Each structure stands twice: as structure tokens, then as C-alpha cells.
Amino acid sequence: MKIHEYQAKEIFARHRIAVPRGKVVRTAQEARQAVADMGGQAVLKAQVHAGGRGKAGGVKVVRSAADAEKAARSLLGSNLVTHQTDSRGVPVNSLLVEELMDIRRELYLAITIDRVFRGPVMLACAAGGMDIEEVAASRPQDIFTEPIEPVLGLMPYQTRRLAARLQLPGAAAQSAAQVMQAMYRIFTENDCSLVEINPMIITGDDRVVALDAKMDVEGDALFRHADLRGLRDRAQEDPLEAEAADKGIAYVKLDGQVGCLVNGAGLAMATLDVTNAAGAPPANFLDVGGGADDEKVASAVQIILSDPAVNRVLVNVFGGILRCDVAARGIVLAFQRKGADLPLVVRMLGTNVDEGKAILRDSGLKVTFADTLNEVSQAIRRRG
Amino acid sequence: MKIHEYQAKEIFARHRIAVPRGKVVRTAQEARQAVADMGGQAVLKAQVHAGGRGKAGGVKVVRSAADAEKAARSLLGSNLVTHQTDSRGVPVNSLLVEELMDIRRELYLAITIDRVFRGPVMLACAAGGMDIEEVAASRPQDIFTEPIEPVLGLMPYQTRRLAARLQLPGAAAQSAAQVMQAMYRIFTENDCSLVEINPMIITGDDRVVALDAKMDVEGDALFRHADLRGLRDRAQEDPLEAEAADKGIAYVKLDGQVGCLVNGAGLAMATLDVTNAAGAPPANFLDVGGGADDEKVASAVQIILSDPAVNRVLVNVFGGILRCDVAARGIVLAFQRKGADLPLVVRMLGTNVDEGKAILRDSGLKVTFADTLNEVSQAIRRRG
Amino acid sequence: MGILLDESSRIMVQGITGREGGFHARACMAYGTKVVAGVTPGKGGQVFENKVPVFDSVEDAVRETGANVALIFVPPPFAADAVAESAACGVPLIACITEGVPVQDTVRLSRYLERHPNVRLIGPNCPGLINPGAKCKVGIMPGSIHRPGRVGVVSRSGTLTYEAVSQLTNLGIGQSSCVGIGGDPVIGTSFVEVLKLYNADPDTDMVVFIGEIGGSMEQSAAAYIKEEFTKPICVLIVGATAPAGKRMGHAGAIITGESARAEAKVEALRQAGAAIIPTPADIGSTAQALLRRMR
Amino acid sequence: MGILLDESSRIMVQGITGREGGFHARACMAYGTKVVAGVTPGKGGQVFENKVPVFDSVEDAVRETGANVALIFVPPPFAADAVAESAACGVPLIACITEGVPVQDTVRLSRYLERHPNVRLIGPNCPGLINPGAKCKVGIMPGSIHRPGRVGVVSRSGTLTYEAVSQLTNLGIGQSSCVGIGGDPVIGTSFVEVLKLYNADPDTDMVVFIGEIGGSMEQSAAAYIKEEFTKPICVLIVGATAPAGKRMGHAGAIITGESARAEAKVEALRQAGAAIIPTPADIGSTAQALLRRMR
């Protein structure tokens, strides 16, 4: 679960990471007032769950209260399109108004889970403020990593080593070490999958300040973080994806026309590969997930049918936990509720497959059955 | 470092371990008022750093405010002698006045470090309120242990297992599990060497309450617990032992007459064995410790000489970190300051031994030199 | 014959009194698996399906029934505890089916398990494992699609494993064992560890290996295959057409960095000498061709 | 010849710019030890005694000097960090002299070190170790009392080890190695581990073992001696006359429970076949008698 920069900065500040003075505003008038209070100049930052905000025009430096009002008016209520969003972008409903900082250097710091190490690692790079994935791809040797052994935590020798590699002078090195320790506490205490500061700046007077702040909280751990659940901002999520997530369905909107209903993430990805290979791009990734009953299947199909781009539906269900008759009933329910008439390619295998096929056959829906992935491929191609 | 029951209970309460309602009082008048406020009956518990308080008369149940005043008057200002103290006992300067509890069962719970496991273990016993070391000696099978792996912490299956072994019914089992989790947090967060609840009671209405509370904080870790350092009560410590501890000297008062100055705990223990075997019981254990200069040695010798039981002094120094000449200078300094005239048996080996011996020889003190432990043994026997 | 499970495997189901646990315990029993115990704290003394005694603790279950395999269905908040309990009791094989275990729980568990070298965890978030020849199913896979034989299957995904097995069985190719190692970022047993077991198993002639985008576990497997693996192996990597940066269902399927991409994985495995399965539809046929070449 | 140290040992002193670290680094060098590097964060670039380069980090020191033994004198709050730093850099032998390291730090360190099986920690709160034949002293023991020879010494205590060595040397009995394992409740290397090394060392004929009250490490050693140890061994346990329940200097010397008492330890070791040294004055003579019997 992503949270906003200003929310992450509140958490950072509680852990004594220095952040710029700032105020969240939701109207142009508030923005004007906030900038006036800050002495007439500030930076306005669109609060959206997407990277690449700066290049997309979501960050504006203003030199007067009037400027601020104008800039805020243009940003608030708009949708921001960045390289990380789709073409619709994400809505800008709030701005973070922050003091302008005297930036001498921009660094990158993050903690995430390393699968090979099977634990958290701290990443640091002297080239902050940039697209870190680009650095990782082009100059991997410029990214320094420290694995953090859970039983010890982040050790001082590691923060010293990172500070040395970032070539920080004495005072800044010590402040940076404190920031790193705080980041690790934030990471573990909040079950984060990512804590990132990009850029972390060194000011002209050698202070270390988190200019940006990113925290992703692991969704699976939210059950033990009641305080964090309230930070979710549904407005930032794709409505269909959010609806699906609420029901325990993994749904990702894609650009094609074939609506896909699959059980299991691996089989769902395989299904994308098959339809793509058949020249029929999928409209979505959908894994109906574990513990699905007919209502959950129906919800999944309704979500698929809610996408106007979908012109046919592919069902690929391997009956195991999810029985084929249950899946079939859910599909029929959803088509009836939506009054949908789209053609269906259905491949079902496993538990209660005959009952499932019978239900679909008797439903009046335009069903083509396929038994193998090859047949699926052919059927989808034909229907395209 | 030991802290008082009432201090430990304040920490327990912050971690949501249920403790009886109580109030610390320092005068008989306060005791009277406190008991009156509690409805006229209560238990008064002497706040001392020693076990075996109950048997020694340090815990009194009172049934009226007047009783309370009387009992408090007899306790406050007295010295309590228990099987864990020496014959002088420890001073009672405060009482904990607590509500009387409806006790159905008394249990024992503790966390300490297990050397073999190299980590913390939780101990539990159904026979609470007793001398647990007696149970450990006579019925070890009645003490249940759970090793706690630091990276995981105390796991729910372990608290369930202990609750089952203690034969706790459902509700009490859950409360006890919460208490155990809190004890582990207290143990780790405060660098304890011991957290103990004896007895932990089950009340008539199945509540789980810490009737007593013991916390020993590791002295070596106090540097990172400023909040705990203030809890030290020097009045509870042997004045000489406390003075020694302040100077980084390990000193333990014993019952004999030979004052011992040794460097190194192992050699100090060996020295006790040697003097005891020679029929000349030591007056103390003393390890002058690392980084000793002449002032520190002088302090150590002054502490030895402050014990009126001491009638001769044995010096056993292996010059390594501590040079023999430094030790000798410290000894002479102390004898001069104290105007002492006691005979000395001195055994010195190692760095600068000749200079050391020369200093002592020229000091005018009544020194007998010994080169080996056998000679030490003979010299001490002769002097006895 | 086969790996990890055999006729002497005695299964204990943790969470047997739950809906999922009960359903799959029954399915395992119907397949022929020796389910000897269930564990649900507070429900000790019950009897599941008139056959299987339920215990309050793993300790009791193991002592009373000699269970030597744990199959875990308890909900995510309690899954780490269930794994630790079985590990502490020395249960040598633990399959944790539970989906949604917090990653930091698994991280800590992984360190705990390092102290128990005789305990192996499969999962979490996995379909479990099966040995069709031994009629032993420890997981949620549909038993009916399997057939005893001499091909080993290993995969990160559940239903995709069934797909693979189904294609094999349809062509008459039986399986020595099938292991779903799980889709979470941190898991108990890696591809390499399973491949080592297959390498040493005299009853496995060939391996079908199903990887996916995300992480670099397939590259580690490639290195192992190149260095030490002695048997024919064919590999499918799914997710080649998944869009970059998008989260695809389970945490295993996020694309991060070059090595996580399907092309990089396919290339590493090709260079290691594995036969590449071109599309998910070709699992069975590729395996069949490879088997024919062996003869 | 001897254990753990030899002519190829290259010592790095962590905390070399401190008072104690500097003093003992000089003493080690005077003994003939190859002190090749010092480490003090923030003091990199200095040169100690015009000979030994000081580095900011262990990583730098190891890379530049090939140091393969760490000798640690940093103050207690930083000791765990210093040990972890050397362990992470793969330094195979670490002697931590520092006294007063919080026990919970050592507990956590012990787990970390389990993940580094090629790294051995001696201590903390120990005098270090010495190999007189190799002229290699890694610790705070007075070098002059040692003499090259074929008796191994192992002890929990510092000055008492010197006592033992001194008695041996005075009788002309040289030492192959002497190891002080440290007096804290949790330490890196136990008696058993050192005994195993002596057992395998062709240049050690006999061992002098000095234990003390507290804990049960001596009993573990007794079990090992009984089962596997093949050389003559004589044992002193100190603290027999220490009063129960009293804290005696270091945390190792608290009496808790039956097994912690001196009598229990002596009895266990006697039954394991060790020769018992009757009093601290008899270390040398007991060893001498045992050596005579060997011939």
C-alpha cells in the first residue's frame, strides 16, 4: 500500500529525520496562505501515488503568494500523467507546500527486501534525484548495498561504510547515519516493502534533509497496523483495481481487448503470454485468488465486464481449490447481472469440470470451449 | 542493578501487566492514609533489595488504618534481615501499600539468559510464591523452560505451551500469554538479566496479576538506559561494595579476616580457595579490574582497610595490564592515608615486578613476600 | 522414489479444523495420503472425519502419532508461529500453503530455520508437493491429474504447476514428484535446493522447471544447472508479456531490474543447457521431445 | 604447531588509537607479533608507532594489509559493532578483549556469527590467545611468562591463566598455545571448541584446563572429554569456597543451581578421566606429574 509523501514525512519526522517545513493544502486559497506564511516563496508538490512527478509538471516553485494560488489552481483537481501512470493519470487532490532548500548535493537512500539475501538491504547512491532504476541499469556499480541481518539490525559500521562511499564529510556522515538508522526502524516497525528518500539532500550548511519521502507498506501486514490502514487514499488507485483488491482479487488493467479470468498468478501470467502470442492482447491480468466462491467469481467477471475495452472474455480455470462448477455459476451470475452478451472462450480443467461445462452450456452464453492452451490460442485468434 | 518492586511494577504497568492497586509510602502517617483510602485493609511490603522478605517479617497484612500506622512504624527505619542478606540486613526506607488480592493460585514466571542456549529463556513453574531455587534443586522437572530465539522473539506456541503446562484455564491462559509477551519486551528493551514474577497469581475471577515484581538490569548495559540509572537505590547496597562498584572495582564482603587485593576475577577466586585451604578465611573478594592506575589500587586497598574485621592483607597481583610498580604505589598510598599498620603478604609477578617489590620494601610496611601460591598459603597460615 | 515424500510420510495438518484445512485434509486423505494428525490450539481432543485425532499442539501430535510432515493452512497472522512450532519440534518437512504471510515474518523465520538444518520449509504461498508413486499428496493440487512416473516438476506457481502436470499426464508422462516452492519474495526452499534433490534422486530421469518474472532465483538455478545438474531439464518462464512495473498477483511477479525480466532468465537457462519451452502450451510436447532424445 | 595462530597470522588491532589498544598493540609487537593494521573510524591515514597503518574500516585494513586476525579493544558500546564488522569482512579469527559488553549484544552477535561458520570469535571479556612457538600474541597476557612447548592451556579467566602459564614455565614446561575464552555468560568460543582444536593439533601433547564456578560449560567439556578427547588433561576449577548467591567479579562467577557449583564440575571432569588439580597452587606440579606418566 502506497502512502502520500506528506504522510510518510510525518512518520519520518516522528523518527527524527529532518524534513523541510511544510503544510498540506487542498485549495488554492490555502496554498496562497501557506506560501504567504512561508515568506512568499515555496515549492508546491502534487500529492500523488506515482513517481516521475517532477518531469510531469507536478512540482512547482513559486516566488509569491499570488503565484502560489495560480499554480495551485492549475494543479488541484487535475490529473497528473507521469511515466509511471497510464494515460488517464492520477488525480491531484492535495499539495504539499514546502520551504525551498539550499541544496548542495542530492543522494539516494532506500531499504527494501532482497530476495537472494532473504532480508532487508539498504541501498545508497550518490546520484539522487534521478530515476534510480536508470542508474541501476546503466551504472550498477554506483549503487551501494548493505544487507541488514535481522537479529543485529543495521550496524554502525554499515552506516559508516555507506557514508564513506557517498563521500559525505564528517557532520553530514553522522546525520546520514542517523537517518539510515531511522529508516530501518520505520521499515521494520511498519512492515514496509520500501522506504525511500530520493533525493536526500545535503544543504549548504551540511544538514541532511529528506526532500522527498516514499513508504510502501506491505498489504499482507496491514492486519497488524491499524494506524496505517487509515492512510490509504483510494482516489489514487484505479477504481477497478481498488474494487478488486477489496475483494481479494488481483486485477491489473492492461491495454488489450480480451478480458481474462484466471485462478492463480502463474497461470494468469501464462494466459497473458498465450493470448499475446495469439495476437489478441489481454485487457487485464486477473487472478481470482484463493477461497473463491461463486460470488467472488461473479465480482471478478463483473470487474472484467466493467472495462469498456473488453470485447470478449477468456476463462482459464484449473479446478483445485476453486471448483469448476462454482466458477461457472459465478460467470453466469455476472453476465446476467451485467446483461452482457460478449463471446466467451472457456477452458476448464480439474475438479467438477463436467458440471461446470454443463452450467455454461445451459446458460445461453456464447461459449466456445477449449481443452488445452493450444485450443485457447486458436479460439482467441478466431474470435479476434 | 536491582530496582525496587514498586519501580518494577510501574514498568510492568506501562507494559499492561496487571498489578495490584498500590501506593509507595515513606512515613507511617502516609501508610495510615493510604490504607484508609483503600478501605481499611491492605498489605504493607518493605521495599528492599533482598529476597525472602516475607519470611523475615517484611510483609504485613493490616485490617485497619491504625494497624497500618503501627506496622509501618515498626518497619520503616528498621533493617530487614533475610536469608539473602548478611547479618546487618538492608534498611527499610519505603513501603508499598497494596490492595489485598483474592488468590486462587500462585505461579512462577521469569526470563533470564541461558548460557548454554546463549540467549534468553522463559521459566515457568506451577509452584509460585516459593523459593524457586529450592524447587529447581528438588523437583527440576516442575520447572518448564522455553528458549527464546532472538530473531523471532517469544512465539505464541511457546506461551500456549507454558500455559498448558501450568494447567491454566482458557481466559487465564490468554492473560498469562500476554504477561509473558510483556515480560519479554521488558527484558529486551531494558537489557535485563532477570525479569521475575513470583508469585504471579490467578484471582478468584480468573484474572492474572503480578503480585510481586523483580527486575535486574544488566550493569554493563546501563550506558544506554539513562532512564533506568535513576532507579538505583544506594541505600540498599553494602556501602563498601557500592563505593567499589562506583570505581569499577568488584568487591564482595565475606566473613573472614584476610583482606584480599587481586587483579582478575579468576585469580581472585583462586586466591579465596588458597586462603580458605590455608585455614585463613578471606574477608573479601576483590578484583581491582582492568585499567587500574595507582589511585584505583589505592581506593581498593582503602576499601579493604575500611572493613574492621580485616587483620591482615594479602596482595596477589599478576602484572599484565596492571603493572606491579603501579600496584605497589597504590598500596603504599592507601596504607599511608589510612594510617594502617596491618601486616601484608605480597605476591607479585609479571611486568615491572622488581620495581614493585622495591617500592614496598622501602615503604616501611610490614611486608612478607611470597613468590608462589604455595608460599602465599604458608605465609598466610603463619600470620594467622 | 521421488523426493521429500514417500510411503513412510505421516502428515499432520495444522489448521485442520478450518474450512480450507478441512477441505484439503479430506482431499489428501482421498488421494491415499496418510494424514495422521491435526493441530488446532484449543480443539485438542476432537476427531476429524472420525479418523484423525486433533491436538492442541504440534508437540502432542508428533509424540502421539509420529507425524513427520506438517501441512499448514492457518491464517496469515498465525502462519509464522505454526511453522516455528513445527520446526522447534523437529518436524523435518513443513509445507506452508498459507497465502499472505507478511514478508518480514518469513525473513525472520528463514533465520530461525537456519538453526534447524534438518527442517525443510516449502512455501509459504505455495501449492505444496506430491509424490504420485507413493500416493502421497501434501498440498492443494488436484490429485487426479497426476500420474506416477519419472519426471520431476518444480515451479513457483500453483495452478501453472497443475497446467504443466496436466500436459505431461495427457501425453502419458508420469511424475516422480511435483513441488510448488511458492510465489513470495522470501521462501523456505529455492529452485536450486529442489533441483539438487532431483539430481540425487535415482527415480527422476528429467525435470520440468517452471519459472516466472521477478527476482533472480531462476538465474541461480541456471548457474547450478550449468555447474552440477546432470539430468535433462526443460524450462518455461512465464510473464514475458507482462507490463513492466506492474504488480501481477503475487509478490513474486513484479518486474524489477534487468535480471527479473523473462528474456534474461530464458537466456541464462538456455546458456546453462536447459531446453526452453516456447509457450505455456508447449510444456508437455517439449518434455516429450526431450524424453525421446534420451532414449 | 599450536592452534588458531601461526607464523602466517597477520593482526589488525581495532581501537589501536585508544589508550589500552595502543599499549597492547605495542606489547604484541614487542613480543614479535605481526601487527599489520589498526582500525579506528575517523583516524584512517594515521600511522601507529611509525610502522602500522591505521584505517577507517576493517574492509580497508583487510584489503590493504591482508590482515587475518582481529584484536578488539574498542569500548563496550561499540564492541558488538567491531566484531560484526570483522565478521562481515570474513576475518577468520576475532579476539574481543573488551570487558563490559552487554550480554544481549553478545547474544545477538552469537546468532550473527552462526551465519559465518568460517569466523571464530574468542571472548568477549577475555585475555586473548597466544602461540609462543610462533611468537604470536593476540591479547593482553604478559608475553614474557610464556615458553614454547607442547602443552595447551585453556581457561575462562585472564590472570588465572597467567598463573597457570607461570607455574608451567617455572617447571620448564612450554606451551603450544594458550587461549582465554572469556568470563561472560555468553561467549564466542566454548571450552569444547578449544579442546577439539587441541585434540586435532599434532603439536599439543597435553592440556591444562582452568574452569570456574557458574554455568555448565565445564560439564559440557567433561562430556566431550569422555567421548572424544584423546590426550591427557588436567583440570582446575576455582571458586569452590566462594559463597553461594554472591556475584564474584565477572558474570561468569555467579553460583546458580547445582551444576554451577565447583564440586559438581570437579566430579564431572574426574569421571571423564581428567586429572584434578587440587588447589590453584598445584597447576604446574599436576601437569608435570601427568607429563611424566606419559613418558
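Observations on the structure shown:
For clarity, chains are labelled A, B, C and D in written order, and residue numbers in each chain start from 1.
Please note the rule applied: a residue touches a chain if its C-beta (ideal position, glycine included) is under 8 Å from a C-beta of that chain, and two chains touch if they have at least 3 such contacts.
All figures in this text were calculated on a predicted structure; none of them were measured in a lab.
Chain pair with the larger contact count among B-C and B-D is B-D, by C-beta pairs in contact. When chain centres are set by their Cα atoms, the one at the greatest distance from subunit D is A.
Here the spacing of subunit A and subunit D, counted between their Cα centres, is 53 Å. Separating the centre of subunit A from that of subunit B, both taken as means of CA atoms, is a distance of 55 Å. With each centre defined as the average position of its C-alpha atoms, the distance from subunit B to subunit D rounds to 28 Å. Shared interface positions of subunit A, i.e. residues touching 2 or more other chains, are given as 149-151. Residue positions 108, 111, 115 of subunit D are each in touch with at least two other chains. A complete topology is adopted by the chain contact network, contact being made between every pair of chains. The residues of subunit B lying in touch with subunit C in their complex are 149, 151-152, 155-157, 160-161, 164, 170. Touching subunit A in their complex are the following residues of subunit B: 150-151. Residues 84, 113, 115-116, 118-120, 133, 136-137, 149-151, 188, 191, 193, 218, 220-221, 223-224, 250, 252, 254, 262-274, 276-277, 285, 287, 289-291, 318-321, 349-351, 372-374, 376-377 of subunit A are the ones that touch subunit C when the two sit in their complex. By the touch criterion given at the top, residues 41-42, 56-59, 78, 80-82, 84-85, 88, 108-109, 111-112, 115 of subunit C touch subunit B in their complex.
Contact residues of subunit C toward subunit D in the complex are 111, 114-115.
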